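Would you mind keeping the following structure in view while I ask a few things?
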Amino acid sequence: MLPTTSSLQIGELAAGQALTLPIYHFKPSGKHSGPKVYIQANVHGAEVQGNAVIYQLMKQLERCDILGEITLVPLANPLGINQKSGEFTLGRFDPITGVNWNREYLNHAIDLPTWYKEHAELSDSELIQAYRSTLVEACQRRLRNDWGVTTGHRLAVNLQAMAHEADIVLDLHTGPKSCKHLYCPEYDIASAQFFAIPYTLVIPNSFGGAMDEAAFCPWWQLSEVAKVMGRDLEIAVSAFTLELASQERICLEDALVDAKGILAYLSHRGVIAEQVEPAKMRRFGCYLKDYKKYHAPMAGLVEYVAPVGEPLAAGETLVNLLRLDLYGSEQELTALSLPQDCVPILHFASASVHQGTELYKVMTNLFELPH
Amino acid sequence: MLPTTSSLQIGELAAGQALTLPIYHFKPSGKHSGPKVYIQANVHGAEVQGNAVIYQLMKQLERCDILGEITLVPLANPLGINQKSGEFTLGRFDPITGVNWNREYLNHAIDLPTWYKEHAELSDSELIQAYRSTLVEACQRRLRNDWGVTTGHRLAVNLQAMAHEADIVLDLHTGPKSCKHLYCPEYDIASAQFFAIPYTLVIPNSFGGAMDEAAFCPWWQLSEVAKVMGRDLEIAVSAFTLELASQERICLEDALVDAKGILAYLSHRGVIAEQVEPAKMRRFGCYLKDYKKYHAPMAGLVEYVAPVGEPLAAGETLVNLLRLDLYGSEQELTALSLPQDCVPILHFASASVHQGTELYKVMTNLFELPH
Amino acid sequence: MLPTTSSLQIGELAAGQALTLPIYHFKPSGKHSGPKVYIQANVHGAEVQGNAVIYQLMKQLERCDILGEITLVPLANPLGINQKSGEFTLGRFDPITGVNWNREYLNHAIDLPTWYKEHAELSDSELIQAYRSTLVEACQRRLRNDWGVTTGHRLAVNLQAMAHEADIVLDLHTGPKSCKHLYCPEYDIASAQFFAIPYTLVIPNSFGGAMDEAAFCPWWQLSEVAKVMGRDLEIAVSAFTLELASQERICLEDALVDAKGILAYLSHRGVIAEQVEPAKMRRFGCYLKDYKKYHAPMAGLVEYVAPVGEPLAAGETLVNLLRLDLYGSEQELTALSLPQDCVPILHFASASVHQGTELYKVMTNLFELPH
Amino acid sequence: MLPTTSSLQIGELAAGQALTLPIYHFKPSGKHSGPKVYIQANVHGAEVQGNAVIYQLMKQLERCDILGEITLVPLANPLGINQKSGEFTLGRFDPITGVNWNREYLNHAIDLPTWYKEHAELSDSELIQAYRSTLVEACQRRLRNDWGVTTGHRLAVNLQAMAHEADIVLDLHTGPKSCKHLYCPEYDIASAQFFAIPYTLVIPNSFGGAMDEAAFCPWWQLSEVAKVMGRDLEIAVSAFTLELASQERICLEDALVDAKGILAYLSHRGVIAEQVEPAKMRRFGCYLKDYKKYHAPMAGLVEYVAPVGEPLAAGETLVNLLRLDLYGSEQELTALSLPQDCVPILHFASASVHQGTELYKVMTNLFELPH
């Protein structure tokens, strides 16, 4: 069955055009009450492949027996998508302020011990519902601020208010030139086995500013406060960021692979009635502290030698750095390598770099995840 | 006497050009030992007027009896200065990452109670010297990081290492369209009376990422730790950010006014032998918590009605917002005002804005500073 | 009476938003048949003041007795207006291709001698109507091109098709930092006395790519061909570009001054019944060949000393060029001047320039226009 | 033998840094007098692969017996190379003016009939030498213009002055996402068989603004004038633009392939003593009039289905255009194709496009070149 369609205005351009988001809803067919799901894509303007994944996912969901409500928001950042600079989408940050579009979510400042005491007599499900309302209202109050809110905050908090309604939040991104990888909070590591993604970054349960953290942190914090008060409250919300290969790329066939991975997770969580098996593949994890950025030690032209997603031994060539201005000297061509084994996950998109440009992000100290 | 000249390489461009900073030093003429001074300008690329102030200041200093060493670094961010986008310098953030050039300074992570205990037996002046060395070495160690450092961090930490050598640090900026204002830490508020600047923002003693904070915070923290240990240690470093009117503007005559204000402060501090009186003018303060940003509640064309630097009563027009796409409706022209008295300090540079653009920053709850 | 409102879609953004233009029409009140007028503003995204002029003009026209149809298109380039880069509208060229938005109009390639022969038997007014249809159809055919048209060409040719319907075409622009000046074709120089604009650039009757030229050139060419064939055919279309001071500026009061200047011209042409006198002022002309660009002979910081719109004698300082990296040398401060008398008309918007940046445009060999 | 090294300053950045070009010279080993060669790369900032080709070519030349002087200028546009915007080099046009860096060469305005008459008595080789001097001097005179020259013109005319000294001029570019192709003037089509490039665009002998045209047009014009005067004068200069696959890519292995192709041409022309055979491959040509641009008929996300460099039959899918805002409608996914057979040569770099963006350039009516 086709999803229902709605839209939400999240901004207005200088010349007066409204910026609206397309929103698609799948409703449970019967009286089912599976978990609610929120999926968004393209918060960074150049990271378009998540839209293709949502497209393939909706094609699949049309044929599914839906048990829980599913909300999908593709093209989530129209301002970022539309901002071109040369033959490239300048979509990672607000072109006026430089602020990363994915660091604009609201960091809730709720006095949790007090809040918990005021709601301690509620049942678990009532408590969860009350907390959810508190979070959504905090977002709405933020948007009504007398002094206004920034363009990026308006967008982000509108998205966040929708995400807070859900039990499962998926934020679809890509890297620059990247293999697929998953941001997964430590407490939810068992979920990584469902997605069609070989590498998982295990992140701490704290707010760093991104959507996944904005979605799960308040719940993890509530659970911690409850624990102190002697109550064992599950972390009611699961949230993940899926990095679906490279930016500025649409591949419908590959999008189907990732749609099926998401479907496997939704099946496991009881959002659809169908049984969908996860892809059989080895999956590896890495703690955020072991996820390292390598910056260009000198400027130059870059041949990216190490393929992303494949192990690279210490000392093997990561990049060749070419300096045509230094031809004839020892620095005309430098092979750069790392002092420890790693898996390169992503690299910079341009082939010429200033000194200090982030060349690669690599995982070190990887471990295999159970399946 | 002419200053001595040196330079420092702080980066390298993709095509191989070295990025170097010009550095000027005035040395004490005799055996004097006044405070050391560090002054930089143009960390944000479009904010050029500080260079003109350094120019006028050096012309003055050439005729002065110098008692303390003075280091001046104009054109402190060549990458930002050279980055043009249309007829404008896109100099506020790294065009690759969006990171504000003025938020790249090192936040020292020194375990101060331990450090203090290890150095507690030193005299005040020895303690200060030891701490200064610790700070400078931390900067240098940071720059030698095995995985490299970002372009902006390399620049900022190089500047910071120089600044840590000084007792007085002045960072010369401008606003977009702005009146002159001073960022001054609360403990140093008495210093505001020397500069030729009518409005002072009183900031807390904590690290927010800017140079002034990077310079004084470690010293304020040391002083706090010493106090706990029962020792009354002065805060050895004074640091200020001077916002010298609008960006994209060079005015040599006005630069002389601000050079003389700086000279008055240096005279007061014993850096020069000459007695220089501060300009006679009323000066006003405002706490950071009362410094408010007003964001466009809707998109449109903007007539900036309220002049910067002049009191505006509650309800008086701040801007007219023109919507040519809505001609004939009630929204064709909207006069926007604020609900409380204020002094507009700066406004946005462009006359057309998206919804959410920061239109004005205004001071509220101002108080007169003693003189 | 209020104008009627319509809109025209001239493009579509990557995320799907339609780009539409607001269009306002004033119709003659009775059976009058004065000239048709087309006025547009803001084809360059940062040049917003023309919108304010259209606003003030419509307020005036609402109270006028309209004799000829008037079409007004403010905000004529939404893509350019919405394209921000830092605190600036990057609106002069397509950010993808670099092509100036004001050089995208269609250069008609009509075989005029043949066309004239086919229509030679028509009366003057029939001939004009037939030619007008030919021009409009050529625009429409261009937009239906099988291989598509560029974003900028689509916008420009849509505007041009509207403009070709009119007898009078006004294109409202601004300079960067500029005094008011008018682009006026040589054959129409007598019209310059009506606008509230002190400086007029007298341009040849050839196609350089801008709207004014796109509007009048085909008619001048037709008139030339008719002359060869022995027929004295008036140039049926008047077209001007008004440069209304500086970009990134809205001033409603000043907009009223220019609205009244336009009204004086429309009154003279019989578009309105009211008698509106032009402003009393001296007006000066300059041939395009005498309109000179001065490029920075070296890089540096720029103090723009010469005010725009005021005569500057040969040898007087145009700009001071400050080189803080060369302090102590002869090049630390250079006063640049020109070898001949001129009136500076506009200067660059940024205060730091690469070598070769266009610093000023100046008129030389000015002559007073009759009034 | 290593080339000799020199450098040329072609500009100065706002903060004072000199922009210099590295220049490498190979001199004939003996008294040989083979043709002079000029090779440049990277005039468009993102098109870096030509530098790698120059690197590999110099490695080969070091082992060759050089008969003619060879000048190589990699990194020919430092301003363009260094201009980043997000993770991309914004190197196709001047970021201030929008002017394409490859359209800034001088279009000589020599009165050739007069010039020829004044030099008609010279021998062919003397005539060629005199004309060469005239061209070089015109460039130098242009650079000394009293009113200054633009940043891009200064760069281009400096490059052009060097190129005019040579008999063979190679300008190394790339497309956005592109297969290899060659721009070759019609009169020199036989030369296309030497380069390792499968597709050749046959261009007319007229000045369109690019380096190859700037280099050969004056000579073709001289030859035409001589012909009118009854003299059969060879076109003394050969000039080609090599488009070496995609921008933002360095591949040393592939660079060696193209270096050998260039070497085969230089061998054929007697610049090196070694016999180097061209790669055995089929090569195809297409006239410029048959080289077509296809613009996006609507906005959306783009899956580039047709690989560059492979024939595509009429009606086969070129791109899939995805519209997530129109999911559930007929426009959610549109397969776009062309009405005639073609070979797609290059496509746009971004996967989301406004209406009108140039999606593909394709060759039609191809013919096989002799070998």
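Per-chain numbering from 1; labels A, B, C and D assigned in written order.
We take it that contacts are C-beta pairs under 8 Å (C-beta built on N, C-alpha and C of every residue); 3 or more make two chains touch, one makes a residue touch a chain.
Here the structure is a predicted model, which is why all the values come from computation and not from measurement.
The set of chains in contact with chain A as well as chain B comprises C, D. Contact count check for A-C and A-D (C-beta pairs in contact): higher for A-D. Separation between the centroids of chain C and chain D, computed from CA atoms only, is 36 Å. Distance between chain A and chain D, defined via averaged C-alpha coordinates, is recorded as 42 Å. The centroid of the Cα atoms in chain A and the matching centroid in chain C are 47 Å apart. For chain A, residues touching at least two other chains, in rising order: 13-16, 22, 75, 81-82, 84-87, 89, 92, 96, 301, 324-325, 352, 354.
The touching residues of chain A, counted against chain C in their complex, run 13-20, 22, 75, 78, 81-87, 89, 95-96.
Residues of chain C that touch chain D in their complex: 11-16, 79, 92-94, 96-100, 146-154, 292-301, 323-326, 339, 352-358. Across the interface of their complex, chain A is touched by residues 2-3, 5, 22, 24, 45-46, 48, 51-52, 54-55, 58, 74-75, 81-82, 84-92, 176, 248-252, 301-304, 320, 322, 324-325, 327-328, 332-333, 348-352, 354 of chain D.
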